[in-house]
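The first chain written gets the first letter, and so on, giving A, B, C and D; residue counts start at 1 in each chain.
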Amino acid sequence: MTPPALPFNIQKLGYIEYQVTDLERSRDFYVDIIGLFETARDSERVYLRAIEDREHHCIVLKRAPRAGVAHFAFKVESEQDLDALEAHFRKLERPMRWIAAGERRAQGRTLLVQDPLGFPVAFYAKLEPVEWFLQKYHLHRHGCPTRLDHVNVLTPDAQKGYEWYCNGLGFRPAEITEGDPPESRIWASWLFRKSTVHDIAVMTGDGPAVHHAGLSLMEPMGVIRACDALAGAGYADSIERGPARHGISNALFVYVRDPDGNRFELYTGDYLTTDRNAPPVRWRLDDARRQTLWGPPPPRRWFEESMAVSSIETGEEIAKQPALMRAIPTYVS
Amino acid sequence: MTPPALPFNIQKLGYIEYQVTDLERSRDFYVDIIGLFETARDSERVYLRAIEDREHHCIVLKRAPRAGVAHFAFKVESEQDLDALEAHFRKLERPMRWIAAGERRAQGRTLLVQDPLGFPVAFYAKLEPVEWFLQKYHLHRHGCPTRLDHVNVLTPDAQKGYEWYCNGLGFRPAEITEGDPPESRIWASWLFRKSTVHDIAVMTGDGPAVHHAGLSLMEPMGVIRACDALAGAGYADSIERGPARHGISNALFVYVRDPDGNRFELYTGDYLTTDRNAPPVRWRLDDARRQTLWGPPPPRRWFEESMAVSSIETGEEIAKQPALMRAIPTYVS
Amino acid sequence: MTPPALPFNIQKLGYIEYQVTDLERSRDFYVDIIGLFETARDSERVYLRAIEDREHHCIVLKRAPRAGVAHFAFKVESEQDLDALEAHFRKLERPMRWIAAGERRAQGRTLLVQDPLGFPVAFYAKLEPVEWFLQKYHLHRHGCPTRLDHVNVLTPDAQKGYEWYCNGLGFRPAEITEGDPPESRIWASWLFRKSTVHDIAVMTGDGPAVHHAGLSLMEPMGVIRACDALAGAGYADSIERGPARHGISNALFVYVRDPDGNRFELYTGDYLTTDRNAPPVRWRLDDARRQTLWGPPPPRRWFEESMAVSSIETGEEIAKQPALMRAIPTYVS
Amino acid sequence: MTPPALPFNIQKLGYIEYQVTDLERSRDFYVDIIGLFETARDSERVYLRAIEDREHHCIVLKRAPRAGVAHFAFKVESEQDLDALEAHFRKLERPMRWIAAGERRAQGRTLLVQDPLGFPVAFYAKLEPVEWFLQKYHLHRHGCPTRLDHVNVLTPDAQKGYEWYCNGLGFRPAEITEGDPPESRIWASWLFRKSTVHDIAVMTGDGPAVHHAGLSLMEPMGVIRACDALAGAGYADSIERGPARHGISNALFVYVRDPDGNRFELYTGDYLTTDRNAPPVRWRLDDARRQTLWGPPPPRRWFEESMAVSSIETGEEIAKQPALMRAIPTYVS
């Protein structure tokens, strides 16, 4: 399959905005224990970045009455790309609105849309440059994430989600999980714009909902150090799954729930996807190695719980629709 | 408590002899995947050592019709210590016999006893020196164990087991788990002669039985590499528990079952016990941090399954007697 | 600076062909000690790949009367790109010739040119797919390279080299070293097509010559394990420089000389260059942190010795022309 | 050689007191960059401990007009051992004095002597227990030393130094370096009381002087992280030697100079010396693998510079006497 020619260039997943109920507590968790850096804060938000970041934020914590994901955002190459995206979504008659440059701290003009899968997604071309912490090693702590790498979302029809991201937005598949033959519809796909395994994974599940955001680490010991730091600080129960290794993407991972229950993954060990035309790696849903190359089986709640998303028009939480395929593999007890 | 003056000096746990049903398959597992070195082999046994070893073996694989532990052995300082131990056990009227020097490959005169807890235990002073693989790094593989560090046994009355090892053989406690107050009998103890957390742990359980032997690794990444190698070779299901970290001993660990189901632990991260008079670290049985500072909870079979031991007189498997205290903590589901 | 629109798409550095005088000895070195995998061999060449590779080779060892680099090769996206490149080089009147599909083992039609800097460079679009070793962890050894990441070359006029690669071939600069002001000509540049710091670095020096090829590792411990394996196998003297960390690219590195003296780097710790328009990081030549963020200073021979390249027409070694700028920084004693 | 029966039991090296000219600056260096923990401080001293320590201090920083080592101290098992040591040194007519319990912060009665080699050495049995940081992982930083492991001293006649420590104080040799045959006098020895390779190494050199104190790390990545943190904080030039691996002791090491030039080693990778009667590993002085199994050769100043010690009577620095054997191996350029 040749990717369609599209009049815009999405570079990568840019940031995610988590809703948190206690801004101070969450800031301390993400900074002191997880090892992100605080770029800025105000009464409503804390802006965080990771050691590879040369721009203002990759995680935003937003004060809110409940947990969840306010939106996630893709960075595009140019302002023109934003206009092309506006035209693209207008044709699809999706709800959208512009956020003016500077209305969001350090951020250029931003297009916020409710995408065809129901997700609140932002697009922007500019984010203020900031000091690079890559070689400020004396400030690195514990797991010390390098970057926001991907977001993993749940949608009732993951085949449709795959098609939207590939055909609608120009993503390429690195890995694919197929449901039961003979149908073999796509049960999940790992899709990239930048050259890692994914910027977004689209999985079958009750949705629209966000399963987790993935933060990459510099090295495998970072996974161990993150667990140690969590346990030392009294957050051992925040470790939901892992350490273990995924067959998909080869990630050595641990899944963590923040103090509000928002989920993120700390991982390392995936590979470059330099060849955009390479055939995707294919897995069967019920192949246990797919999810767990080694390690304890995933707990059931890892499949059953997810982060709600909201309407960009009303701010109301969007009700999740049930998955069209079986959402839990046979190897989960 | 001052340790009693005893007329013999046990240096350390020396080796363990595992019963395996397919010598070739087990040899390949322990050498090619786990990273032990083969010192010698004959039709009945394979002799293995680890990278710190300067003597002939620390793990012996013995061809047998069923899995289990033939015996484990402590190294004493001198031949005189063996005579003193013989007198010691004779007073206790325990079954015992001498194995002549050379009767066991590369091994000096050895005293084999059925100890007061029912375990088949050997004592020896001499083992043939061999080439040291510590700096033969080009031959190191995967987890690459450094040494046999400890054995962990189950006995119905762990308070009695504690007393036997401390008062009868001169071990010192590094850490202790106590049962429910007000009784607070010892539920388990981690006991050492050499300066690590333990040479033997004595836990409450149906016994006499061996729970596992512990092999130390050079570094925490060894735990990850061991899991990776096991999964790569098709042994992902042999990983029974972990990676995770124990509160007790601070070990970063993974528990592995060999092709016959014999259990061993690969771990790193414990501490020196140089001060023999330091008060032991004390834990409550139902403190989940005791077993799992972080990581998934132990699977039930980790508590319920163990390796049988045999009579030194008849060779028959010894029937396990039920534990006198509750053997499974409340945090195990 | 906007990159020029070019009628071809170079994906990445694809492979390098080293000349070795003893094929067997070199194969054992690269496979048994360095941890590459042998894909194929014949009487003239050994074909090696790394754990991320899904195609036939990234390092080729070629039997030759002397050490050196036969050529290095870039992979392009399509066969049409090869034709466009032919037209491109024809206009420049550079020596070139086609190697027919299959003439080189497992490799499609290949265009071999003597580029404007005098280097023998090949371009190809197809390489036979092979089994992926990424998750064959039981076969991973020592440093275990993940991929061929970059080649680093020496040319008398590195400003000109920079311009050729950026304007002539569409590379983007991740980092730049400038010479003394007021001139501030480019002394070296790290240039990428794929999204890492470089596919090629072009440095000031007597040339045309190849300084080294860089192989990335999965994790920082790989650098230590590589050194250990080299020392264990009697190759401690093959470690030329490091372990240490470069300021440029943030690489934790070690430089190794193979049994013929060919140089390669094993490294980890660089960053993604997803934003192709990000301004390059700039360094001054005599900033010691540039080359050595920490670690011992580079030995003089690291600057003075390099690998010769040959004419694609005569096969004769090309005489090196002296550098137009000072080739050795002040911090080298 | 059987160790002599001695009427006292030295457990281990207990602490070292470094002289520093700026207490605040040194405290920040050792705590914020190296990763030791501050137990207490007053106007004259800062008391530091490492993550394995369950007692008050292992490094003391003392305000002084010049760098150097005030003294180092061994911990003995009991108060009676102190009296036996007093009698021992009285027979040798060495200068000594008692420091009363509590006169030194958190420390019991202490015997301070000028030993037969001229070193100021203290002995004590009691040090106040403190909170254990082993599992306070959220407070661990960078290299994060586990313990003070050893001190390495220079003395003109290292054979005599060896004899004093073995016969006079009951140490055992783990490794020995011999000078040129036919004499083969001991050029250096690595001597232990606790079960690691050494509590003290006695090397040939102008002395009495202290070469370095050794702090062990939890894992090899700690060496890399320590270098990174030093460089990040602007202390790259404080890294004097390494990372590299010693043949002796198998230590992966880096040598660091503190802001006053006091030297210490951060290392990991040595082995247990459980068998006190094992024959020592023997090396020839000019075997380069002895000092550097792999890595850059030691800089000359590593051999030529050392920390002065003082008279316990006058407080004056003791003039160094020249080494009786060649103090610099042939492999140092």
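Points worth noting:
Rule of thumb we're sticking to: a contact is a pair of C-beta atoms (placed from the backbone, for glycine too) under 8 Å apart; a residue touches a chain by one contact, two chains touch by 3 or more.
Only a predicted model underlies this, so the values are computations on that prediction, with no experimental measurement involved.
Any chain bridging chain C and chain D, meaning touching each of them, is among A, B; the list is complete. Of all the chains, the one whose CA centre sits at the greatest distance from that of chain A is D. Mean C-alpha position of chain A lies 34 Å from that of chain C. Per-chain CA centroids place chain A at a distance of 49 Å from chain D. Centre-to-centre, using mean CA coordinates, chain A is 44 Å away from chain B.
Among the residues of chain B, those touching two or more other chains are numbered 135, 219-221, 228, 230-231, 293. Within the complex, the chain C residues that touch chain D are 220-221, 224, 227-228, 230-231, 236, 239, 241, 243-245, 252, 289, 292-296, 299. Within the complex formed with chain A, the residues of chain D that make contact are 32-33, 135-142, 219, 221, 225, 228-233.
Those residues of chain A that touch chain C in the shared complex are 11-12, 52, 54, 75, 77, 134-135, 146-147, 194-196, 218-221, 247, 250, 268-269, 271-272, 274-278, 293.
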